[in-house]
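For clarity, chains are labelled A, B, C and D in written order, and residue numbers in each chain start from 1.
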Amino acid sequence: MAQPQQSEGADGAETGKPPLRVGMVGYAFMGAAHSQGWRTAGRVFDLPLSPALAVLCGRDATAVRAAADRHGWADTETDWRALVERDDVDLVDICTPGDSHAEIAVAALAAGKHVLCEKPLANTVAEAEAMVRAAEEAQEQGRLAMVGFNYRRIPATALARRMVAEGRIGTLRHVRVAYLQDWLVDPAFPLTWRLRREQAGSGSLGDLGAHIVDLAQYLAGEPLAGVSALTETFVRRRPLPTGPTSGLAAVDGVGATGTGQVTVDDAALFTGRFASGALASFEATRYATGRKNALRIELNGEHGSLAFDLERLNELSYHDGTEPGAHAGFRRILVTEPDHPYLDAWWPPGHGLGYEHTFVHQARDLVHAVADGRTPEPSFADGLQVQRVLAAVEESAEKNSLYTSIAT
Amino acid sequence: MAQPQQSEGADGAETGKPPLRVGMVGYAFMGAAHSQGWRTAGRVFDLPLSPALAVLCGRDATAVRAAADRHGWADTETDWRALVERDDVDLVDICTPGDSHAEIAVAALAAGKHVLCEKPLANTVAEAEAMVRAAEEAQEQGRLAMVGFNYRRIPATALARRMVAEGRIGTLRHVRVAYLQDWLVDPAFPLTWRLRREQAGSGSLGDLGAHIVDLAQYLAGEPLAGVSALTETFVRRRPLPTGPTSGLAAVDGVGATGTGQVTVDDAALFTGRFASGALASFEATRYATGRKNALRIELNGEHGSLAFDLERLNELSYHDGTEPGAHAGFRRILVTEPDHPYLDAWWPPGHGLGYEHTFVHQARDLVHAVADGRTPEPSFADGLQVQRVLAAVEESAEKNSLYTSIAT
Amino acid sequence: MAQPQQSEGADGAETGKPPLRVGMVGYAFMGAAHSQGWRTAGRVFDLPLSPALAVLCGRDATAVRAAADRHGWADTETDWRALVERDDVDLVDICTPGDSHAEIAVAALAAGKHVLCEKPLANTVAEAEAMVRAAEEAQEQGRLAMVGFNYRRIPATALARRMVAEGRIGTLRHVRVAYLQDWLVDPAFPLTWRLRREQAGSGSLGDLGAHIVDLAQYLAGEPLAGVSALTETFVRRRPLPTGPTSGLAAVDGVGATGTGQVTVDDAALFTGRFASGALASFEATRYATGRKNALRIELNGEHGSLAFDLERLNELSYHDGTEPGAHAGFRRILVTEPDHPYLDAWWPPGHGLGYEHTFVHQARDLVHAVADGRTPEPSFADGLQVQRVLAAVEESAEKNSLYTSIAT
Amino acid sequence: MAQPQQSEGADGAETGKPPLRVGMVGYAFMGAAHSQGWRTAGRVFDLPLSPALAVLCGRDATAVRAAADRHGWADTETDWRALVERDDVDLVDICTPGDSHAEIAVAALAAGKHVLCEKPLANTVAEAEAMVRAAEEAQEQGRLAMVGFNYRRIPATALARRMVAEGRIGTLRHVRVAYLQDWLVDPAFPLTWRLRREQAGSGSLGDLGAHIVDLAQYLAGEPLAGVSALTETFVRRRPLPTGPTSGLAAVDGVGATGTGQVTVDDAALFTGRFASGALASFEATRYATGRKNALRIELNGEHGSLAFDLERLNELSYHDGTEPGAHAGFRRILVTEPDHPYLDAWWPPGHGLGYEHTFVHQARDLVHAVADGRTPEPSFADGLQVQRVLAAVEESAEKNSLYTSIAT
């Protein structure tokens, strides 16, 4: 059994509180972001447990040691199977590509660890179902599992959810969502793992689409009932990288030796209906030139509307339809007030947060759930439901956009 | 043969130029807007013909006389059949609901008049086909026909078209279009003619959808190949008006005596593919609370992007993807410079135009086409093609969103 | 003696109402804008008098005849002294440079005409005082005088005034105003009349500063008490034009033959205090590269704030400080609703107006004032008060920015 | 004598690099922000020294211990004089109110420490001069001193500086700056230390004005030559707090027992001239209802313009005046690209940073300067020069806004 003092050397440990010792698998983009989250959460929020960056796991011993030093992890492992068996790890944080999520998560839960798994939960519905079963069994033993849809943890989106739940926009009519990026516009961009179905599961759909499906359902407070979809791969062959890539960027020194086939979608468009009858429109693409991270969502209800853009993440736009028309208009709420979600612990009004703080908030919420023994949100079941929506999107796209119901 | 001096009493006539004597049918919202267009075009632009507001036609003699006085028309008629036969009318401008477009247009062309017909061209593809045939025959006699997609005549959209044609955004990947209004949000809004299929043909689809289909194809420079669609009527019964309504607004003093069925769509969502393979996303709705006239269109190409919002009609947003990333960004072009379309005749830079000026520009362009004997754009054939897209949308919506090709 | 029917040939006359026969002096930029205003006002609004574009006056007989044909004026004069004596003119509209305003206005009032005079009222306080005296005497004879601060007539600014008057922003703390243009940035721009003190009176101060001083005091509902100022002429010599220029633009074919001295200010900055103690900040410049017509004003009060930008003239930004902080924010009111000022006569919500409609509204308001025998606003006295502020600005600038009280 | 390993227990230490052991005085708002900066800098950037959060100093032993635990500081002191003498501290970071800056900084430099001092450098010019002398002497011993104008370290402002230095906007004409907050709008807000001259030195001037004077001069690349100023205290008496306050916020449970006099300015407006002749306009206020942290700066040059708003800190607005007018416009650069300042170490494009990261970048830059033995920027001399501008503002305000030259 791990001793509290063992975790003192790691970043993030506060004196006098029981530790929550984290073992993380993967240390690329998501690993760096999660490290910031675990390191900062207890410094900003008053948490019941003190997160400790205990063990970082990666296949290359030298590289993982360097990453651990950089990001402040106390120890390292090169085999995730060893990691999940360690007595001095309380929670396994999975930051690998989607094809390994299921295996690691199921093993970690079986080994008695809490689990945080990056999105999408898995590459297939079958994997996700297995993960949900494992999570249900683990919960009987007091082990909890959460999927990392971090965009629920932006103060502006959390505020939007609160306002929808308060009934401020009334009966929902429309949800309009797009996630627009442009990093594939250049046909010379190499064939990284994110463009290969065997690792990534899908392209814009699983990467961007999973985010917006989760966020839309979370904000609406209800599930999608069915979808009609189109997908497209605009550039079908890309240069092969000869060295390592980070998924999102070509690594320096990579020389292309021929081309390979892109086996995922570049863009996915789908429309749908929510359970209540509201209409939804989704677009996920990596070809929207000039749009860098434009996750935009608008909800129109009978009594009001809300709109959000991730490129301006400290703002929420709100139209109160019950006001006199002469003074009504979309207002820009600068979501930095102390009574906004998460913000009582941060800076004075107007001093905005950034992307990485979604991971701080995710860590905070998960620590509370673990301390309280509550199922965290979003749960693995939530992640599975998103996976089912994505599966219906793919099915509809294969069937000439035929409207396809979401399995439940 | 009409004498020039006969038109002198009407607004709009300039001395010393041959007149173009207009007879207009209908004088509600569109009639008022067209009147402004005809009156102003020759005052701002140097035209080869001088438009004269010759005859206004409406069924109620007293009302049409009052409207003629208000809007500056010299004479009136109460029967459109009489109007189209008048020798002192050169051009018939049709501003009635869609169900009468075909009959009036065909008769006017047969009577040797030029025709301007409000959009949508007709309520059905069959009507539109008949109109195209009539227009083709008339053109052999030197009579021209144009459909009134006025949003092509906003300087910002005309500039966007010019930039696309110049190749500034390169191979097209995405076209994203929405036309968002909110005037039906209140379930107590009465059942005006725009909510009845027999007069309006369809709801948001024909009214808003026709605009955005035309604008998207115009800007893309290519036709849609197919669509997948969802439509919805959120509020299925509405109070019956007991008196006249204007289509867009309840008239004072109207008392509801029971309710009637809404027989058109409240909202229409469709995705599609352009001929080149670019993806398209469309949304037309009258239920987007807080959005008053938000026609938004964005085009993403391999080398750049363009975006426009009708609520800020003097602006065009442009991203030049060929610039160094460090200095690139969407720029807001204030489309008020002398070398922007239509603007050499207007005010100094920064002094914006309004909605009604689209009708001034429409009048200007049609006058030039008539003087030159050129087919005006958009032609009746263009209007028919839009009608075919709308028909494919309706067909797809009926077939559970199955992807439906556009007839050619 | 003029007969009502004589004015029927001119644009703007409606049947059955007494005419208001306008004689206008000057037909450049302002003359074109006023023509649109007079022509359109009676077509959109239900006016008690029917404005008629009776006589246009300019020194060059051929040019003024061409302008009259273009803009729809029935007759012409080449001498303003003849114009003001004509029996068939009821109102003289002065659109000349500032150095001739006083002489024409005083003569026109003496001849029993109503007068509309473009801003600034005059080039000096002494001239403006004489004009006020003439206006006071004329008013005893039922003749009215108005100065053309057209930016009070934008629906958004009129709405802002209404909201301030309703107490919605409470005790005023700050008024922040800038009028930013960039047409002098290029040192090769020629020395037009607007850059010569003897004609223009001053530079950015009289042209742009006059607008923002009037607008700020109008919106605040109180006068400035004193100012502290800096002015600057960045480019002190400019090419001489060899042909005619329009003031704002070089005329094609103009060849420079040497340079001349710029004798007005390029930019003027001043701070000040309102009578109530609120602070004010003003900036007028023709050197704000990229800003075309950015008249921006923000008012901060104890209970709320309002902000406006002329480059987006259909919008008013409003912050209601009495709302709960969690939902508060600057809202963008799209000022196109029927209960917004002037808008019951225009288009449906969201269909914006343009710059020229300020002149339509100005004509409307003046026609009502004439019909009612009321002093129009802004009166010549209002114009004089603005002139006194500008004089204090110049005095302060000469005295090393020493705070200078406004004479009353 | 401190051993490197002693610092291992503190946050921020990376293995294998020489430590830079920080002792910080003060742990309120600024202390929390600096803690985040020191903790994160070495985790994100590859630094030559490893910052260690060694000792936190505050007067109340219990409170400082709790703060140290929260923010991750290894040890505590209750007397800053003891702190500056500790052998295991390399750098003293001063986060106290301005009245203690000089004494602590001078002592720390004398004790052989590097110093980072929060802005404003001091409450008086005399204090700042003493600090500069101390810094000059210390530099001879290899000890460096920096003042904490963190807003230079926003990627967008750093990019703006780079673009100005590259000549992209050419000869400067205008700099327009405002720093608008609203936390004093409520007259019931209590009399915290920030409203007392003896502690804060001045009000909006030293707090907000110091930031914008530094930022404007930094971006312009030249100093102000003179200023003309108005200041105002709108609410002259405020409730006395009976317990501790944080400066920016009333503390729960504080009961007012009478009122006290506000002895600082609520707002300060000043205009000025830069050395090159460019004009400047400044406004600092805590009464701009609805503006939370609106530090806005715009620079207009002969060839282009730049604009920035701290409420949207990931964006820089840029107008390239050398482009053809038809395609020119202010572009919104999303400053999140790898070739933007600081951003090669952060997230993919479009994943924005927040306010606190300015402190991360400040720590990074200071660590590099210390490692290289270079004078950090902004130096104490830079801080003194800002202080002289503020003194000139106060002098001008006392002399009825008379233009006052900046001492050099």
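FYI, a contact is a pair of C-beta atoms (placed from the backbone, for glycine too) under 8 Å apart; a residue touches a chain by one contact, two chains touch by 3 or more.
Keep in mind that this is a model prediction, so the values were computed, not measured.
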{"item": "Taking each chain's C-alpha mean as its centre, the one farthest from chain A", "value": "C"}
{"item": "Selected pair, greater C-beta contact count between C-D and A-C", "value": "C-D"}
{"item": "Whole-Å separation of chain centres (CA-atom averages), chain A against chain C", "value": "55"}
{"item": "Inter-chain centre distance, chain B versus chain C - centres from mean C-alpha coordinates, in Å", "value": "34"}
{"item": "Where chain C and chain D are represented by their mean Cα positions, the distance between them in whole Å", "value": "43"}
{"item": "Set of chain A residues in contact with two or more other chains", "value": "291, 319, 328-330, 334"}
{"item": "Interfacial residue positions of chain C with respect to chain B in the complex", "value": "8-9, 11-12, 14-16, 29, 33, 35-36, 39-40, 43, 46, 69-72, 181, 183, 248-249, 291-294, 310-314, 334, 336, 347-357"}
{"item": "Interfacial residue positions of chain D with respect to chain B in the complex", "value": "159, 163, 318-320, 325-334, 337, 339-340"}
{"item": "Residue ranges of chain C touching chain D (in the complex, touch as defined)", "value": "169, 173-174, 176, 178, 180, 182, 185, 228-230, 232, 234, 267, 269-273, 277, 279, 281, 283, 285, 287-291, 298, 300-305, 319, 321, 328-330, 396, 400-403"}
